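One structure, as structure tokens, below. Some questions next.
Note that the chains are named A, B and C in the order they appear, and that numbering of residues resets to 1 at the start of each chain.
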Amino acid sequence: MGKVLEVTDLNIRIYDKDTPDTVVFDFDLSLDEGEIVGLVGESGSGKSMSALAIAGLLNRHDMEKRGKIMFEGRDLLTCPREELRSHQGKDIGIIFQEPMTSLNPVKKIGWQVEENLRIHTDLTPEERKKRALKVLKDVELDDAERVYNSYPHQLSGGMRQRVMIASAMICNPKILIADEPSTALDVSVQAQILKLLKRLNRTHNTAILFISHDLSLVRRLCERVLVMKGGYVVESGKTEKIFKEPENEYTKKLIAAIPICEGRQDPIDKENILMAKGVSVSFKEERKNLFTKPGTIEVLKGLNIRIKKGEILGLVGGSGCGKSTLAKAITGIVPYKGTIDFYCKSPKMVFQDPYNSLNPAKTVGWILEEPLKNCTDLSREERQKKVVSALLEVGLEEFYKDRYPNELSGGQRQRVCIAQALMLEPELLIADEPVSALDVTIQEQIIALMQELQRKRNLSILFISHDLRVVYKICNYVCIMDKGQIVERGSIEDIYTKPITDVTKKLLRDAGIREVSE
Amino acid sequence: MKRKKKNLNFHIGLVISGIMLLMILVGLFYTPYNPEAMDSTLKNAGISLAHPFGCDNFGRDILSRIMVGSRTTVIVGLATVVIGTFFGIIIGAFTGYFGGLADEILMRIMDALLAFPSILLALVIIGLFNPSTWNLIMALGIAFIPSFARIVRSEFLKCKNMDYVTAAKLNGAGDLRVMFVHILPNTIKVLSSSILIGFNNAVLAEAGMSFLGIGVMPPDPSLGRMMSEAQSYIFSNPGFAIFPGVVLILIILGISLIGSYLE
Amino acid sequence: MNAKKIIKKFIFMLLTLLLVSFLVFLAFAIIPGDPAVHKLGTQATPESLEALREEMGLNRPFFERYASWLVSFVKGDMGVSYSYNMPVGDMILDKLPITLTMTVLAFCFVLIITFPTGILCAKHNGGKLDRFIVILNQIMMSVPSFFGGILITIIFGVVLKLFMPGGYISYTKNFVKFLGYMCFPAIAVAIPKAAMSIKLLRSSILAEAEKDYARTAYSHGNTTGDVLIHHVLQNAMIPVVTFLGMALADIFAGSIIIEQVFNIPGMGRILLSSISNRDYPVVMAILVLLASAVIIINFIVDIVYGIIDPRVSQDD
């Protein structure tokens, strides 16, 4: 097998005043014909930067670069722009994380897919259309003719990513760079996209550079893998070997973050803290026009759930199953039918996106003080004292109280959110996907924090997530939710080893857990 | 690099606005001549050391009149913006936050009012009552409410479903507290740049209406009036029109430079 | 944009027009002052006033008066001017072409200036030309149209003697000369508007060029120029179209002022004189017409919007 790409000693530094310098140090990579190589690391590790450099998409003005990117005997880093362009789209294709923003919103799909042919070939419009329809079918878009005439917003996320793949593949490139191609998608769609990439790799003999922050995805797809951290490649080699005998500390940590099945202690039966019976929530549909009556959508359909004192109960389901609505019903944000009985003070909530759950116009100290102002008669000094101790409790130092949310990292923000939710000392906490917007290693820290708080305060937590792997790390009991109802419940071990419903099996498959535990 | 350029704009804007403000403040206590004093020997006198901007058709010192006239202009602009912002915030906040039928009806009316260019609306309001500085302020203020209300409303719509608002409610904040303590500070950024734009529009509208003779009434000098009076003497005394115009441009330019920094 | 959506927008536009006419009628019904007194003067006897009120229909209930006013308005009968004693419709019809010509001319100038300059600036972002135009723009944006008009009069009329200041020529007498004269006020109005739209177009293009889809376009092997013209421009147009719609409405309404500078007997002139004469039928008619123009322009902008941005025309 011949080499299609050889990157040696690639160094990149980009100067930007607003963000910390992005850098890549001594990056080496060789890509054989028809090979799939994984590139793993968290955000800021330099993995996307390296990929953009290979695709020739880095702005060439305000950066420093050194090294070689050899393709067909030419160095793409130093060759004239004309020459680089003649390879872009023809020999090297790239797809990105966000298929919605990566497609031009005002142009038809057909026009966008055909673009590579317009630039790199002399085909007639009819021939181009034929090729475009063929490649759309090839990426398993069955209704190719309709997709061809659609605009991006008329397609689903998964379809858009297929379109992106089609437009990158239409010239049969030798290399396809996939930069987190499934991260923005639903878990089930994720699996389909991976399958598609694998198939295209086999049938077209296209080499793929697969970039991801998720080691388990890489394991499913790639023969070889490079692990990056802080701009350096810290480990590389055959995927299986790295999984069995990781050498680098960071790699070990990444692998440890993937759950493996092991026995767990049964929790002792305790009294209930929340009992919900027959909870139904329905929303009015958007009114179509002035004259028709808007219909209703039933999001929760007579759901029953029970949370025990001092337990962390997992609630898992795909997007749109109504799990966030349940959280809102429990906290009383949306009106519901049915009964929800509390055996405690009113529950508080931690939200998914720490970037919009903190008021950007206020300091952290103000935000933490607010619940005390509203609901207690404490004096200013007492409130201040409580704010400081709350900060310390979630692992932040005192000076953070004068900071504004935009000065904090995602993990720090989520810590502040947790502190705020705990200000009034609730006994029940509803956590709606509290870690899914965070990097893997930060996820670990937040989960550890929540476990610690739970033990110290004997909190009950309803932990909502779409990802069974995350739930595995923190919960003892899990409820699986689908279409507005709880379809299965049991200990985490039972759910992992003896799933009953198809929904659970699918969730396990999508999370890549079956393969790991087998 | 971008930030730097914006900073430069901002500083130039501050300097220009500062000079204008200084001129207006000095004009409160001191003008080179009495702006009302006429001198028939100086009719349409050109630029001289004694009268750096020359004199108008009644022999009044143009510089002194500009100092007093731009004060009127700026006060009308400020007052208009205050009225427009205050009622705009109230209407926008309640309609955006609560929604419902009242919101529908009020916004339809605002839409209809927005179909009248604000200067036209003010023109009619003032034409039907009598032209005077106070009526001008009222008319412009009312004419500016709909656009502010719209801006505030859309910001409230955007913010009211944010998680931090939900968190605030869960933590015991009442509706009024959520609206004015939690959400309102987040609209400041958008609001302040539209306040600056609004101020400029108000200054323009005042000048335009005074130019048409239905704004500030004599003997109060105003930049717009001076230009309209100067029109008949454009051949013999072009400075009479040019100097008030340049001052007007500087007032607007200074504010819009500051505003472009905020955007 | 599909037909259903257009019809929906059209109906919505008609409703807004109705609301506007109602607001205008309401405003003039509740303002202090008796039209009958205006017409006959304060010396008139109570009997003759009462007779006139009856004749003018002022004693009928409010909604009946509104309905009959609206119906005749739509038919083209806009009432009779108090002060000139002639049909308002004829007065307006006489002046409308003048104001319309200036508006269209000014708008064309805005379009002609905006697009080449905006694209040029964005393409050479940060270059000398770009920086010069940005500074020039910032100043031009701050020039009120009537002062621009005065400056143009001084420069082109007094100094260069390209036209006779105040020497308006009627379009019935000499259309070409009329057009030539109208160019000067049109330029005065166009300058600040063009400056604003250049600024908007430039920053919009630059913002769009940073987006992911532009990166995708580069990854297909497009040149910078191709990315700009084929991908970015259409997206960048979206906010500009809205602004241009507003600018058109503004120019139309702002013609009232610029007509005074150039001594043009257009709609502005009758509006001003009828406001000071309290000639309500004329004021009402002009108000409703101007507002209707704005609403219709907004409707057209909506449709253009749907053509440029397919997301808007989606049937949701």
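Of note:
Assume a residue touches a chain if its C-beta (ideal position, glycine included) is under 8 Å from a C-beta of that chain, and two chains touch if they have at least 3 such contacts.
What you see is a predicted model, and the numbers here were worked out from it, not measured in a lab.
If each chain is drawn as a node and touching chains are joined, the picture has every node linked to every other.
Between the interfaces A-B and B-C, more contacting C-beta pairs are found at B-C.
Between the CA-based centres of chain A and chain B the separation comes to 48 Å, rounded to the whole angstrom. For the pair chain B and chain C, the distance between C-alpha centroids works out to 21 Å. Within chain B, residues 1 each touch two or more of the remaining chains.
The touching residues of chain B, when paired with chain C in their complex, are 1, 9, 108-109, 111-113, 115-117, 119-120, 123-124, 127-128, 200, 204, 207-208, 211-212, 214, 224, 227-228, 230-231, 234-235, 238, 241-242, 245, 248-250, 252-253, 256-257, 260. Of all residues in chain B, only 1, 3, 162-164, 166-174, 177, 182, 185-186, 188 touch chain A in the complex they form. The residues of chain A lying in touch with chain B in their complex are 17-18, 328, 331, 333, 346, 348-349, 351-353, 356-362, 367, 370-371, 374-375, 417, 420-421, 423-424. Residue ranges on chain A touching chain C, taken from their complex, read 55, 57, 85-90, 92-94, 96, 98, 101-107, 115-116, 119-120, 151, 153-154, 164, 167-168, 286, 289. Residue ranges on chain C touching chain A, taken from their complex, read 8, 211-213, 215-223, 231, 234-235, 238, 308-311, 314, 316.
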